[in-house]
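Each of the next two complexes has subunit A plus one more chain, namely subunit B in the first and subunit C in the second.
Presenting the complex of A and B:
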């Protein structure tokens, strides 16, 4: 039985044999492809990678990738991933999900994962809609989008700005990709996985079923005006404020100490018990 | 019959003399410090003891009370009343009147300079011994009232002065020689001062005391966790569970584990699930409101068969309730709070030392069965401190059953006879799988097929229902046609009530249930063999155990119920009175 470490793995080796539940034309297929390409490019042994998710269309991705997967509950992927990383720092831990999972029900965890800066990669496939529950507005939906029965006049509140929140919360790597460019996502992912600290990758990933107008995204996405990411949070904030939300590429990258317990034992349980003896 | 073989445990059936003393005072008067030092001196003198504490609602500077019971043998509950109350001052002391019942034989030691005895306390009609505490302390350079009080207590309780002086040295050494000298002088002055009254009861002398520990219930739970192998803890602070987490934080670090302070309980439960998925035994501690927030995550742990343990230290509820006071009212949520059909373990610790045994056992069972476990303790155990026999180790179980590398075809949720399927830990070659909260087939692939759902539900039930839990499911004592069935912290008062009734001529059996779910029904039936009258005793309003036992058809139709909510502790006398009515 040959170990996977001794064989050079191709992107297809990281694909499982389970057929995705996603609709034809769904942007998430490109993310799945990019994940497998990035893992193959980095040559990571499959058993040393864990892909953790919550609930939603995009959160189905762990089962489609041939690594260790954890498909948890709605909004809590980052929490499960941070527990896993704290206990098993040797693993490469990737977290994936959607905009509702990450920014609405999981919003608090997003903030605290950014500021905790554990060495994780977080991919949010953002299609500005809840797809699995059949088309409700999410935090990133425009205020005037009136196609949902739940919000017939549109959500009526300004949309959430993921990059701004990530920056304000202390994320050390912020980038954005587009499903129309899987190789671009794969390149950003390689950088994100290699970055020591919390890497946030937002992927504009159209929902062809509930947001068919997003098919037009390919015409409006464009690279960030500045080719290189900044390490200056003030500069990053200015770029975010000037951004129309459709820029792709790397926005911000900085090096800040990573939170990771050292997990080195210096004593045994029996030694602790001595403290209780009278 | 296994149940009966455990009837003679470390309890001696004859009631033994005990002394109960309360110390009260305003914030900064050093009540709690004095309580801890008295308990240490009790330990040094060879006795056992229990110390509960109570505080006003203020975060800082509020009044507090230390309540101790001292005995030649182990004690698991507070007594019906106190022989001695020493008030360092009377500021807001009326708030403790209900918690510190006195009798006409009791002695109140107080300083006339502190003013009148509050009417709520005076109404007990106890004997009063006025002593110039403030003046005595003032006469000593660096003197403190609480240290003078310790000297007085030492004399009245019949404890050797040397034991107290040694504790002063030990406790205050880090504050410098001057402080130690001053405090020791206070103790001597208090000890030697004239005392016109004395206590009616005395402690018998003890020789060759056995090894004992001085431990709080929350520390004991933390120790049980690491004894069971827990090496990852996620924590969100909550009263009265925080001390479990605060004990674990530095000690896990020493053991090569880690503690992560989470942003909320939704995070902490999912963090421990993530860590356990990674192969590291994991636990969190919380109280009712936190447990409620964790419920969805606990369902995930059950469905994905990821072993986790929640130590739930109960307080008065519902909602914010009475955060600093005890109640046994989270049994319903622990048993029935899960969505879906979700078999899991619910255990209750029966005394302070048992927090170690039961928490360790819960971790061992959780790991062996890849199951979710909730351990119920409460504020009266968690935040109390006792001198106890060193707690015994829990049965080790089989440990987590893991899959060997390249166990082809690897089926994470394989349908095995005992329901437990080998778990591949990330890092294990080839056995890649996705753990899922979605219903799944044996491989782990999501499935909504009726057959897969039925089979996986059966398997998750089978692994718990078919396990042999042995004799530790309950602590059974006494014999006779009358039986008290109880759980958790109420066991101490119930067992003491039974010993008193037995000594008075009516044999009473006590079944204190440690493994509440799944309850070994056959063993419970055997334990109840020959019983004519049953009284269920618990500290809540609704009779939560009572209704649960009825739902399992384990109680006779005429079973009685003594369900009394917190915050006041259940006292042996009220159980004796109720049992006498039942008879």
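Presenting the complex of A and C:
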């Protein structure tokens, strides 16, 4: 990658040469489009951005974007991304994944990433299903979804509420987009990247193959009743409780100190090695 | 379509910025769909999308030619003045499927071209700038030609009695 860029980059310049393997009709294409549009709008040099993911269909996105990428292990995208940000605070670090990766296997990392408030942007492409493993219920699947042989009568437990968990855990930026509106996602993403602290963007991203009924989402998504985000967590909690899960826009934004470790060395390697000598 | 004064296109550079993005995003979407269909082994539809991308590319060059030497405004993606979530000729992703046939793909393309034509026609009717109205009317005529070509392709399509595409190992068969 070149270390200096003098030409203005267009969204297309942020796409890699690798062709997505996503199914035609997958909502994740819209997120890819939004990421490239947001990066171009912000004019971020490619070598100053890192995209980190876990495992799943959506987690393939680092391969499709021409910035530094890390396709890690299941549920650990936030852990890897926080390590990267701790070591390289100069990078713009974006984390991406799906609802299974982020809320189940990586659920605990999600809570503590919200709490830690490092300057990261976390995009969760939520299709309420494990797509890569052929369609099992995920944490955000409705309790009565009975289309998987593993849960023939539905998961039977209430679905995970990402916005509520993010708020309760201390996230300082919470928003939701819809893949039917890639430009709307791009706008939220620009705000999320510019936000100092942990920004969480949930994207309703239909799975055309295992959840074809989600094609109807475009008929039911609607903007949040309140156009402006609140900085009051009590009011945000009330909005979340009143929400049907299909509202889009920015919900909550507040400013609190960002956690970033001091990277100044306090000892020498030789001294550390000395401590291990027997 | 929105006729609020703030949503009207008021200058030639603004109009061409819209037209170029409309054509470029259409080409990118068809290329993306062609790649995707190739990946999923729907080669016939992939070839059709590739062909549409090629025609789109030629048209995009023509539109860009109009803008040579002109400074176009930088417009954030969400501030373009279309009434659709994306540029009008970028077909909605959720309308495609890896098992779609040629007829469905042509109907998808016809829908996109029709939206493009309607966008230009709306500008031709509503812009306060006479030069914008003239150019938009010219572009409307071109898009009408594209719409008619697609309609004729659909009329001449000999797919009567053809079985829909079938996947013998569908992804939604769980073990």
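Definition applied: the second predicted complex is superposed on the first by the 259 of 278 C-alpha atoms of A that agree within 3 Å, B and C clash if a C-alpha of one lies under 4 Å from a C-alpha of the other, contacts with A are read in each partner's own complex, and residues count from 1 in each chain.
Going forward, a contact is a pair of C-beta atoms (placed from the backbone, for glycine too) under 8 Å apart; a residue touches a chain by one contact, two chains touch by 3 or more.
Nothing here was measured: the structure is a model prediction, and the numbers come from that model.
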item: Touched partner set for A:7, first subunit B, second subunit C, both or neither; value: neither
item: Contacts of A:218 with subunit B and subunit C, given as first, second, both or neither; value: second
item: Chain touching more of subunit A, residue-wise (subunit B, subunit C); value: B
item: Which superposed partner A:256 touches (first subunit B, second subunit C, both, neither); value: neither
item: First (subunit B), second (subunit C), both or neither touched by A:26; value: second
item: Subunit B versus subunit C as contact partner of A:278, first or second or both or neither; value: first
item: Subunit B residues within the subunit A interface of the complex; value: 40, 43-44, 211-215, 219, 223, 226-227, 231-232, 234, 251, 253-258, 260, 262-264, 266-280, 282, 296-297, 299-300, 304, 387, 390, 405-406, 424, 426-438, 444-446
item: Of subunit A, residues touching subunit C in the complex; value: 11-12, 19-27, 29-30, 37, 41, 134-136, 148-150, 179-184, 186-187, 190, 206, 208-210, 215, 218
item: Subunit C residues touching subunit A - in the complex, by the definition given at the top; value: 28, 32-33, 35-40, 42, 76-78, 80, 85-86, 92-98, 100, 171-175
item: Contact set on subunit A toward subunit B in their complex; value: 1, 3-4, 16, 18, 46-48, 50-52, 62-63, 66-73, 75-76, 79-88, 90-91, 108-109, 111-112, 261, 263-269, 271-273, 276-278
